[in-house]
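Each of the two complexes below includes chain A, the first together with chain B, the second together with chain C.
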Partner chain A sequence: MNAWGLSGVSVRHGRMLALDGVTLAAVPGRIAAVVGGDGAGKTTLLRCAAGVLPPSAGRVRTPGIRQTGYLSPSGGIYLDLTVDENLGFRAAAYGLPAARARERVAEHLDRTGLAAARGRLAGQLSGGMRKKLGVIAALLPGPALLVLDEPTTGIDPVSRVDLWWLIGQAAAAGAAVLLSTTYLDEAQRAGHVLVLDAGRPLAAGTPAEIISAVPGTILLSSVPPADEAQRRRAWRRAGQWRRWEPPGAGQPPGRAGQVVRPDLQDAVVVAALARPAS
Partner chain B sequence: MTPLADCAAVTRTFGPVVAVDRVDLQVGPGEVVGLLGANGAGKTTLIKLLLGLMRASAGQVRLFGRPPSRQTRRRIGYVPQDLGLYDDLTVAQNLAFARSVFGGPAPALPASLRPFAQTLVGALPLGVARRAAFTEALAHRPDLLILDEPTSGVDPLARARLWETIQDAAEAAAGVIVTTHYMEEAEECTRLVVMAAGRVVAEGTAAGIVGDRRTAVVDTGDWAATARLIEAAGLPAVLAGTSLRVPGHHPATVQRALAGPGPGAAGPDSAAAAPPAGPVLARVHEEPATLEERFFELAQQALPSAS
Partner chain C sequence: MKAMIIKEFRQLRRDRRTLAMMIVMPVILLVILGYAASFDVSFIPAVVSGPSAREAEALLPASFHVVGVVPAAQAQAELRDGHAAVAVVTGGPRPVVYLDGSQIFTARAAEQALATLARPGQASGPAAPAVRVLYNPELRTSDIMIPGIAGVILVFVGTVITSLGVVRERQTGTLEQLAVMPLRPRDVFLGKIAPYFAVAAVDLAIVLAVGVALFGVPFRGSPAVFALGALLFVFVTLGLGVLISSVSQNQGQAIQLAVMTLLPQVLLSGLIFPLSSTAAGVRWIAYLLPLTYFNEIARGVMLRAEPVTALWQPFCYLALLGAAVMTLATLRFRAFLAPPAGRGSARGEPGLAGPAAPAGPVLAGDKVALEES
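Entry: the complex of A and B
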């Protein structure tokens, strides 16, 4: 199997290390999600993976610009062109005959409710419609590698279903998909997850692998811990308090029912609490 | 007790468009009410009505027992989606400005914000800017807090910390209204209100809204081929890891789809006896629907049949 992606990639912006030794394979037919907050390095990573930004160190493999679909953070859509004009322009940039391009996206437009908006200016579309247009444009070349920078941020759940349908279609057609998100309920849908923090990988694997790699124990309580050190390792979730106890830190919990079986959200919070810098 | 916010059959029209349609909504002290809805569902209009930025076409909005006014606005803390801070003022200047508008004591900067007091808001990382916006909105100890997608764009630990701030305000008896698109945030709310096409279409806890809805889940080694078969049968397949979810459909229906359109492929109509037949190797079982799946169903039902 031919994998694209990053291996040991670092990116330096002046004095700042935006990415620090990151490895992420883009495997055909697989959706990989890059998770992290603002400033974690998601955009830098995806720009490298798409071949737009050369890394300062490490290796990037891409199938080439004509085989790569890339949704940039701004969406890469001209607001003063119509839906059709945007797609026509992008198809021409990929060197696709107009008829073939139209054929390729007809079902996508239809299925995501954009068919009725073909004559509308992109600037008049809702945020969700514009993102869908951006993803459909990225799908035009029938890409071997599809790189999507936060395709669903700020998008309502109904449009999100359409977007995930598009993403699933691309993967089903054999594309290697890399996307970023700030939400874990969304990352949980991916086959592989990379959690980024300050340019460094915090955790990686399938959601199940990340969850089973949680070190120590998570304890549940109805009130926050009084102890200052414990309070720093505690967070509130769904009306209760969870507290992470590192392995070997102290007494294992005595009472039954107090230990939480972590989900991906707990696992990522623990990874953030366990990182050396904090 | 008088609710902090009370909408009674509130309607707002824009020409022929009914943006908010006979909405009833009460928020009491200590409650965290999550407002869920697709774009165009009417959430933003409802918030503008509550803030007193817009008048209802019909029905009544009351805040703290009175019609919305400048006086009621002083008792509200509001964090809009774009945070509502001045990018070209520092954190300290933003807070000083808000204080001169709202009155009240000078807010103590939380320790995590102190290093940024003299930084222009425009130069702050998003997570820090969000904390600054929260601090500003809470500085005048509002009785009602309105937050539009409060934690968009921050990492899970930072999100948990922001939610602690929200829950602290609720524990100090403020009422909170939160709009969100994310189910992770919805689970933090004491009550959810689902809007679609201007109307409230469901209300209650997440569990109550999902009710006994089920989803067929297909576990498969080849989800691409499986997805194609399910799609070909006209069923909605949603990817979840390496499984596929088919909301609102019975496992037997999905099994038939997986058997493919070939002759004699359809098995007997029994769900329990249905073997993992078909050209792809897949197991189908049933799980409770997720809130997002139920939400999607509600939103689809509210669409005018024409579209």
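Entry: the complex of A and C
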């Protein structure tokens, strides 16, 4: 399979290791989501994948600059240009024929509800609208590799649906999509998920693979665990407490609660709890 | 308020470049400009001509330094071409001294010195000379300032404004986007400066039109020669602007650096203080400043109708400065836009990109690799 992406990539910023031997394939037609907390290395990884940042070690494969669409953390949008002018500049820079550019712009703006804002300055748009504009700009040239840094952060749920439709369309058309997100419900829609923690891969695979790899048991209870060790493995979610019991722990004292099937969010929390102390 | 002061100090301490510019640069500027700030002219280059040239030379005041003996017909041309500030022509009933009015302080100093010759009792031998001021007969300050001010405005637009335009891209994060778009650094560079070039050209036209129409500044020379000089000069100032923006982290730093280049140009280029009055220890700085050469060209063309053949030196120096600044700016801009390694493969340049690209790492040692397929 012809895949782009990163292979054993490490990135060092001075004395800090921002990425440590990370591998992530960008496969045509697949959406790969990178998840992780603040400072986990998501942006660094995507910058490498887009060719903005060279790795300190390892290998990065890209389809070439004309075939790569990138949404930078800032959105890469000129605030003192209108929506139309921003997209016009992007289309011209990629050498898109004017008729095709007009057609794609109209289609994307209509689908994302930005059509009425075509003549507005990007600086006058809301944060969410600006983010949508950034994603549309990245999609505009029809890239083979689409790298999106937190495309849906700060966007209302309806607009998130619009954006996921756009991203899904791009993948369906054959683009390899790499995106980062802090929303695990979104990551669950991806074909491949990489969980990063402090620059290191914590878990990787399809959402189902990551979920099925959760070791031990997750218990649900309405009250927090009384035991200190158990409290360190517990987290609150949707008004209830979830507690992870590692495998082989035997019957823990005070085991109470209902065993629940983990979802991706549980799997990521457990992966973080189960990681060896550095 | 205490919390605010502490916060400001902490921020200032971390912005070391600004702090250095606030403390070190004023001292350097004070020393340099202190030596430069002088209206006293002690060296007046002169040519003498005619049958009594040698006698006239002997009678000239001490501040006059004869740089050549020329045929009478060529005397005024020596002034026009900037080879001398004074031309003494003998052979008539009394000597005629021509002064270059475009060098206003030198001309005034020469007038004063010559006035002492004309006093009764002191000029008892030969007849007192007739003094004629050429190119700026009334020694009007506006005539010599406006061509130079046009240059200052070009520096302002070219350097100060351009430096802001580029560094803004870095601050807003759009530069990173540009770096991954299929634009060559040259395209981005030229695309960035082209509008400023146009604005600078319009500015120049307006300043000159106002100078001529409102202040009556003459424009005696060739507009084409002037335009060529302005073109070279704007080229240098735009390059300086890009260079400054590429070493600045934010717009504040860019402004500070740009002003630091503007100030010496205003004070050391001969715009205000005559170059010959500047202490030799700092005069060399003037020869590194583009405004020095633009001043020479602008005053030469506008006031003295100096031909391009007489201005080849400032043209050459401006071209050299332009080439140096533009090369540096382009290199810095490339580094500014591109990741430090693997750029070729990232940008799809021939040889590294495409299906024929090697499957292995692009750079040796398997340390860094960025490739396309």
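As a convention for this text, the second predicted complex is superposed on the first by the 270 of 278 C-alpha atoms of A that agree within 3 Å, B and C clash if a C-alpha of one lies under 4 Å from a C-alpha of the other, contacts with A are read in each partner's own complex, and residues count from 1 in each chain.
Just so it is clear, a residue touches a chain if its C-beta (ideal position, glycine included) is under 8 Å from a C-beta of that chain, and two chains touch if they have at least 3 such contacts.
Since we're looking at a predicted model, the values are computed, not measured.
When both complexes are superposed on chain A, chain B and chain C sit side by side without a clash.
Using the contact criterion defined above for the overlaid structures, shared-chain residue A:206 touches chain B, although it does not reach chain C.
Looking at the shared chain after the overlay, A:40 reaches chain B, while chain C stays out of its contact range. Judged by the touch definition given at the top, the superposed model places A:56 against chain C, while chain B stays out of reach. Of the two partner chains placed around the shared chain by superposition, chain C is the only one that A:79 touches, whereas chain B remains out of contact. Between chain B and chain C, it is B that contacts the larger number of residues in chain A. Of the two partner chains, chain B is the only one touched by A:189; chain C is not.
In the superposition on chain A, A:70 makes contact with chain C only, while chain B stays out of contact range. When the two structures are aligned on the shared chain, A:4 is found in touch with chain C, with no touch to chain B. Of the two partner chains, chain C is the only one that A:93 touches; chain B does not reach it. Think of it this way: put the two complexes on top of each other by chain A, and the tightest Cα contact between chain B and chain C is 5 Å. The interface of chain A with chain B does not overlap its interface with chain C at any residue. Interface of chain C with chain A (complex): residues 172-174, 176-177, 179-183, 339-343, 345-348, 353-354, 361, 366-373. Touching chain C in their complex are the following residues of chain A: 2, 4, 47, 50-66, 68, 70, 72-79, 90, 93-95. For chain A in complex with chain B, the touching residues are 29, 31, 35-40, 113, 126-128, 153-161, 164-165, 167-168, 171-174, 182-185, 188-191, 197, 206-207, 235-239, 265, 268-269, 272-273.
Taken in their complex, chain B has these residues touching chain A: 36-41, 81, 125-127, 149, 152-158, 160-161, 163-164, 167, 181-184, 187-188, 190, 223-225, 227-228, 236-242, 292, 295-296, 299-300, 307.
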